[in-house]
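Next, two complexes with chain A in common: one pairs it with chain B, the other with chain C.
After this line comes the complex of A and B, so read on.
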């Protein structure tokens, strides 16, 4: 069985950002793996560790990996260097990485990104494609469904935890839907997008970090198939500070004063 | 004449969800701006019977169809079902609410139609008849981008819940439902086995008008009960900071901010939350932010509309009492 995990590198999610022209100014902030993609990779690793993912590929004639094994392949697309993210993913436990390198540094819309990733994935023949529900930079939440559409397979979105159902195999997933959860079963191959669930991503050990250096990273040049009809015309940092009216006094008076101020400012029932 | 503006409506139980009605109201506004019609599309067993309601919220025509369970049709079959009608309709724009249901279907439909989608927008303006500009949060709310659509249509949008007011709710004429062919849900390879509903009747975080959140200052999972009381008195939902979720005091679906849920309520009450970057960015679109914290230097205060420096275990119960008192007053007046 082969699980492909889509991985994106994003700027540190705790750093303050400013905009210069149409691009953010990252300053000295560190690049990290998109946290949602990290949840997806953790889910893939757990699926392999559960032992269920060794099932032979259900893709007829597909290169789903030799029977009795489960391969986890990272797939990433980035104009900028992505060494940190790929290396971290390999250290977490992925077997190898495929890096799609665009010919130019232009920004790609989710549609272009998803379609090109799907072309790369077609050469790998995955049984499962896992990715974050969204990326902590463009916040688009589109690449999973676009990849699923381009591959012509089903999508399972907002997954908190996943397992394999045998025989089948099928992906059994618990998906967050606002206030409730949907328990779904989806035939393979399929695309699943992940949110933060009960299992947090692991920290690689020193041994994992050393062995990651030996893992293969395959690079392929790519270019978008179309010109986007949606372009960014401005990027701004919104004002951070607010009125900050400080209310003093004992707990009871402060509570009453706060409620009065809230009532004068917003109508919560409308 | 231009194609219509189409709102795709999510049905749950008896009728459409509120964020979809917000999206329908904006579809009607955009249609007026473009001098065209506003249409609604709904899939579910009782979709056709919602036509009158959808008409009141701004739809001039309604496409509806479906059998039992088809309101939960998987995104792949949903797209198969609606694609032919949408291609035939040639809409100028297609709007969904940015709920989990709407976001994944909008993304799939846009990919099928080969057009770009602007997700979770917070404002829009039709600058001249051929273009549309929209704003949306990026980098977890740390930056805001403005995007411009060109003349390639349909423009596809999802709208962040709680940002846009409900539509006209006028007593317009009842639109005649246009039937829509929808496959039965059983034919999907993605089967819904079970819906696990949270035991508490609380709105989803992303859609709640009031969110009361607790952070490290809560000190454990049990004290969250005082926040539940306050949320109930204010008619809202309980959230938590990442620190509180990391500590295991609250489940991940309650996390507010980046890697959790980005919220945009009318009122956000932060209790014992210092206000890390990821949290502040995730609540930025709240109309009014109140903070209660013992530390007068907590960054959350700079980011709040009102702050109380004090022990949340003393202030929150008093706030709950006062809110209950006010609610009783309002009920008696009414």
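After this line comes the complex of A and C, so read on.
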């Protein structure tokens, strides 16, 4: 069985955004893996560890993973260097990575990204494609569904945790809809997009980190089919944070002071 | 290597892992453990975090791969230690002492000894294996290389009982981190420096022995109640006819216990240096955000006052200088098989003492609120006060070592800058250990002589 996990590198989610023209600027912050993609990768690793994911590939005639094993492949598309994100995914436990490198540095729309990723995925023949529900930088939440559509397979959105049903196999997923949950079962192959779930992404160990550099990373050049009608027309940074107020004193007085403040601000808005 | 401070992919990942561990696993327990009036209970609160650190490979990362460690370099260690010590240097000390204890085994142990003990350390199913480095003694430690015979210098003795092929250890030790183990019955391995030849001085008479947990005659008592570094534990140890087989003497250390002490405290020098950098960095971040939020009754946050901005500038430049000196010292150790006695001492002394100045500035910036336990600076100051006096104190041990090195005729002041190996020799020991007895032959005048003139 082969699980492909889509990975996007985003600026550190605590970074403060500045808008310069149409491009966001994140000065002096670390690049990280999109946190939702980390949850997707963690889910893939757990499926493998559960032992269920070694089931032979159900993809008919496809180049699915070898029988009796489960391979986890990271797939990413990025014009900028994505070393840190890919390395983190490999250190967490993925077996290898495929990096699609665009010929130009132009910004890609979700439609273009999704279609190109789908082309790359077709060459890999995954049984499962996992990715974050959305990316923490642009929050478009489109790429997963577009990939499913381009691959012509089913998709399960908003997944918090996943297991494999045998025989079948089918993906059994617990999904969140607002405050409620529902469980679905979906035949393979399929695409699943993940939210923050109860299984927190693992920290790679020292040994994982220092063996990750031996894992293969294939780079393939891609060029976008300029298909999207979408373009950005303006970008506004979030407003300056308003002055904070320190509340001092013991728990009881502090709680009362906080309630007074909330009351006052509610009054003002009314 | 060209001068290049770019972190590798692995180092960036290691930094992220160590930071995540420190922020998410360690930080939640720090305040309570630090405030715990009983130092033993405070230490026990760190056990879960220690087990996680063990699982992540942080506890024995320095052990070579063939014995189950990660075989990381000293520079890699710097990256992880800064992140951990930015949250709590006491916990960092617990991890550090595993290295202080096992590095002499890695350098001097026989293949058989390394296989036996290192593999044990790295393959503990309970994930709480802990090592103690047993050097310091209640009657003083700094003059371990005193040329006089017993009872000068190190007082714990290990007499060889030929009839049974065993060493018999007697005497008292103190300050040895981790020596309690997790149940006050002892660390899994105690790496003990003792006088194996009573008739000889500190430069010939000391050796290093492995005393495993549960050995009869080893007793731990009296947990020390410290001002800071409260998440790490130090007891007193009593040896009463404590017997270990002769094979527990670390092979190459017989009569070289002095070199083992110096080399181990050299290895830990840049680690203690970067630990101090971690604490300074946290103090800086606290004062920076305070300065941007607190108006002190004025109309603007205090960062708009010039003195606040200048203090921040002064703090930052010293922190960066300390960080790169530590990195460089670690790099030098990597390049020269840990024979970096000058580099190690420079970074340990400089960063430790600097941290007190920097935190003092942070407190001056923040003002009176820095003096209460609601805010982190008072803890940083308590923790920092330890840096110049632990891990081989800066006066009696570190500066004295530098004095010995610099006074020796082979000393090349440019060796560090030019990355030349500067071999530490026994003749560099013993300086200042016995006031009134000038160490002969170390000025470069005339022929060199060993300073053993007062040893017997």
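By definition in this document, the second predicted complex is superposed on the first by the 238 of 270 C-alpha atoms of A that agree within 3 Å, B and C clash if a C-alpha of one lies under 4 Å from a C-alpha of the other, contacts with A are read in each partner's own complex, and residues count from 1 in each chain.
We adopt the following convention: contacts are C-beta pairs under 8 Å (C-beta built on N, C-alpha and C of every residue); 3 or more make two chains touch, one makes a residue touch a chain.
These numbers come from a predicted model, not from an experiment.
Visitor: With the two complexes superposed on chain A, say which partner A:91 touches: chain B (first), chain C (second), both, or neither.
Guide: Once the two structures are laid over each other on A, A:91 reaches chain C alone.
Visitor: State whether A:246 touches chain B only (first), chain C only (second), both chains, or neither.
Guide: both
Visitor: Output check: A:160 vs chain B and chain C. Expected answer is one of first, second, both, neither. What do you get?
Guide: A:160 sits against chain B, while chain C stays out of touch.
Visitor: Once chain A of both complexes is superposed, is A:232 in touch with chain B (first), chain C (second), both, or neither?
Guide: A:232 contacts chain B only, not chain C.
Visitor: Which partner, chain B or chain C, touches the larger number of chain A residues?
Guide: Higher number of touched chain A residues: B.
Visitor: Thinking of the overlay built on chain A, is A:220 touched by chain B (first), by chain C (second), by both, or by neither?
Guide: Neither partner.
Visitor: Check the residue A:196 against both partner chains and state whether it touches chain B (first), chain C (second), both, or neither.
Guide: It touches chain B, and chain C stays clear.
Visitor: With the two complexes superposed on chain A, say which partner A:106 touches: chain B (first), chain C (second), both, or neither.
Guide: Neither: A:106 stays clear of chain B and chain C.
Visitor: Scan A:181 for contacts with chain B and chain C and give back first, second, both or neither.
Guide: The first partner, chain B, only.
Visitor: What residues on chain A does chain C touch that chain B touches too?
Guide: 244, 246
Visitor: Tell me, which parts of chain C touch chain A in their complex?
Guide: 9-10, 12-14, 16-17, 20-21, 55-58, 61, 70-72, 293-294
Visitor: Once bound in the complex, which stretches of chain B touch chain A?
Guide: Interface residues on chain B, with respect to chain A: 72, 74-76, 79, 99-101, 103-104, 107-108, 110-112, 114-120, 133, 136-152, 188-198, 202-207, 209-210, 234-236, 245, 251-253, 255, 258-260, 266-267, 276-278, 280, 284, 287-290, 301-311, 314-316, 318-319, 321-323, 326.
Visitor: Using the touch definition up top, name the residues of chain A that touch chain B in the complex.
Guide: Counting only chain A, the residues touching chain B are 11, 13-17, 19, 24, 35-36, 109-111, 114-115, 136-142, 144-146, 148-150, 153-158, 160, 174-187, 190, 193, 195-198, 228-238, 240-248, 251-252, 254-256, 258-259, 261-263, 265-270.
Visitor: Any idea which chain A residues touch chain C in the complex?
Guide: 30, 32, 83-84, 87-88, 91, 203-207, 209-210, 212-213, 244, 246
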